[in-house]
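There are structures below to look over.
First chain A sits with chain B, and in the next complex the same chain sits with chain C.
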Partner chain A sequence: MNGIHDLGGMHGFGPVVREENEPVFHAEWERRTFGVVNLAMGAMQIHVDEIRHAIERMPPAEYLESPYYEHWIYGLEALLRERGVITRDELARRVAELAKQEKK
Partner chain B sequence: MAKDEHTEPPSAPALRIKALESLLVERGLVDPGAVDEIIDIFEKRIGPRNGAKVVAHAWADPEYMKRLLADGSKAIAELGFTGLQGEDMVVLENTPKVHNVVVCTLCSCYPWPTLGLPPNWYKAAPYRARIVIEPRKVLAEFGIDVAPDVEVRVWDSNAEIRYMVLPMRPAGTEGWSEEKLATLVSRDSMIGTAIPKVKA
Partner chain C sequence: MPALPKDMVWTVVKTGMSARAEVKTPPRFKTGDRVVARNVNPAGHTRLPRYIRGKTGVVHRYHGSFAFADTRAHGQGDQPQHVYSVRFEARELWGDAASAHDALYIDLWDTYIEQAK
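Up next is the complex of A and B:
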């Protein structure tokens, strides 16, 4: 599939930015995302190709602007919806509930 | 598609993953303890020190180097490094005539069992976009000046194959133990964006 993920050879992205002594994860949500996505892939027999293809369906502007592990979240959400494991509404409700709890 | 996917802007990723985790736990698809375990493995137990041991062993043992270049996955498994994202390993030998460098232009494919998880720059747009059209320039930014008569080979990973560079053993390391040799091997030298050097 031709799309924004196919970055090889594109111009205009600027210099490669490196971080000295970079940690494996930069935030707790990155840790959880890595663990949850890997385990869900194992439990549901999702192959790497499949989640990568789901990520490749991200809206292009969002793909470029979002942090790396948000791509994983997007891919997992898409596959869970498509396989009928969760619905969009159910996820939105759970997000709203958790947001409410965190405000307390 | 974009319109359908996003009638509202997406919530913060921290909330989304928390919500997903709780829904998956309720369905018995994810065990929260196992999430902690896999995080711990990749944060503390797997990393480029594994790959450095492979490289040092190859430098010290010519027979092992032959096996490593002939069948990367099998030879790496001899040292006990197997698992996710290391199933089909191809080891690329740097020589005085060829410098190899690895990328995944489409995403972030990387040999987890030997190198751990990739640094951000490997997964970000600038490296993926540029290393395939101006490799010498990008390598120069990493501090490597590849001589004009040395061929640069850029290897683009795919969904199955994972590449790892076998850098050249630096001069002045004759008689070194494998342990000492391994200290010269950085993560970047196995991606191809650094060259092992003996500190003067």
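Up next is the complex of A and C:
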């Protein structure tokens, strides 16, 4: 698919910034995402190519503005919906619940 | 829903779940062959980047055969193919302003490439 992920040769993104002593994860949610996605891929027998393609189908503007592990979350959510594990509404409800808990 | 059996988990974690798979036919290309990346625009998953389509390169080495990402991404099975590392000169990809000393090596499945004329 000629998607936004296929960036080779494009201009305008600025230099590649290298981080000194870059940690494996920049935040706890990234560590959890890594675990949850790997677990789900094993449990649901999702090929790496399937989740890659799910990520490629992200809306292009969203893809460019979000960090790496958000792409993983998007990919997994898309596959969970497509395989009928969760619905868009169920996910939205749960996100709203968690947001409410966080405010308290 | 099929799941990874418990007794396979350690093997998968340890080996990183290799995509290596057997192909019965011999590889079509050998080191030194000039090949052209096909100009195709599949709507599904592919690992053939846009910037090499229609460009000519040279087979650098043969890697073996591997499950095909383009079919696996869509639940169409492994359908393994031979994979080659192909060298593309920077000038072939980006034009005369690119460095004459730079080149790109990219791993390509058999059906991504054709013999150059």
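Quick notes on this structure:
Everything below uses one rule, namely that the second predicted complex is superposed on the first by the 104 of 104 C-alpha atoms of A that agree within 3 Å, B and C clash if a C-alpha of one lies under 4 Å from a C-alpha of the other, contacts with A are read in each partner's own complex, and residues count from 1 in each chain.
Please note the rule applied: contacts are C-beta pairs under 8 Å (C-beta built on N, C-alpha and C of every residue); 3 or more make two chains touch, one makes a residue touch a chain.
No experiment lies behind these values; they were computed from the predicted model shown.
One of chain B and chain C touches more residues of chain A, and that partner is B. Within the superposed three-chain model, A:N2 lies in touch with chain C and out of touch with chain B [touch as defined at top]. Contact with both chain B and chain C is seen for A:D49 once the two complexes are overlaid on the shared chain. Counting contacts as defined above, chain A residues 6, 8-9, 43-44, 48-49, 52, 56, 85 meet chain B in one complex and chain C in the other. Within the complex formed with chain B, the residues of chain A that make contact are 5-11, 13-19, 22, 24-29, 31-36, 38-40, 43-44, 48-49, 52, 55-57, 59, 62, 64, 66-70, 73-74, 76-77, 80, 85-86, 90-91, 94-95, 97-99, 102. Interface of chain B with chain A (complex): residues 1-2, 5-6, 10-11, 13-24, 27, 29-31, 34-36, 38-39, 42-43, 47, 84-85, 103, 105-108, 116-117, 119-121, 123-130, 132-133, 138, 141-142, 156, 159.
Of all the residues in chain C, the ones that touch chain A in their complex are 1-4, 9, 12, 17, 41-46, 49-51, 69-70, 72-75, 93-94. For chain A in complex with chain C, the touching residues are 1-2, 6, 8-9, 42-45, 47-50, 52-53, 56, 83, 85.
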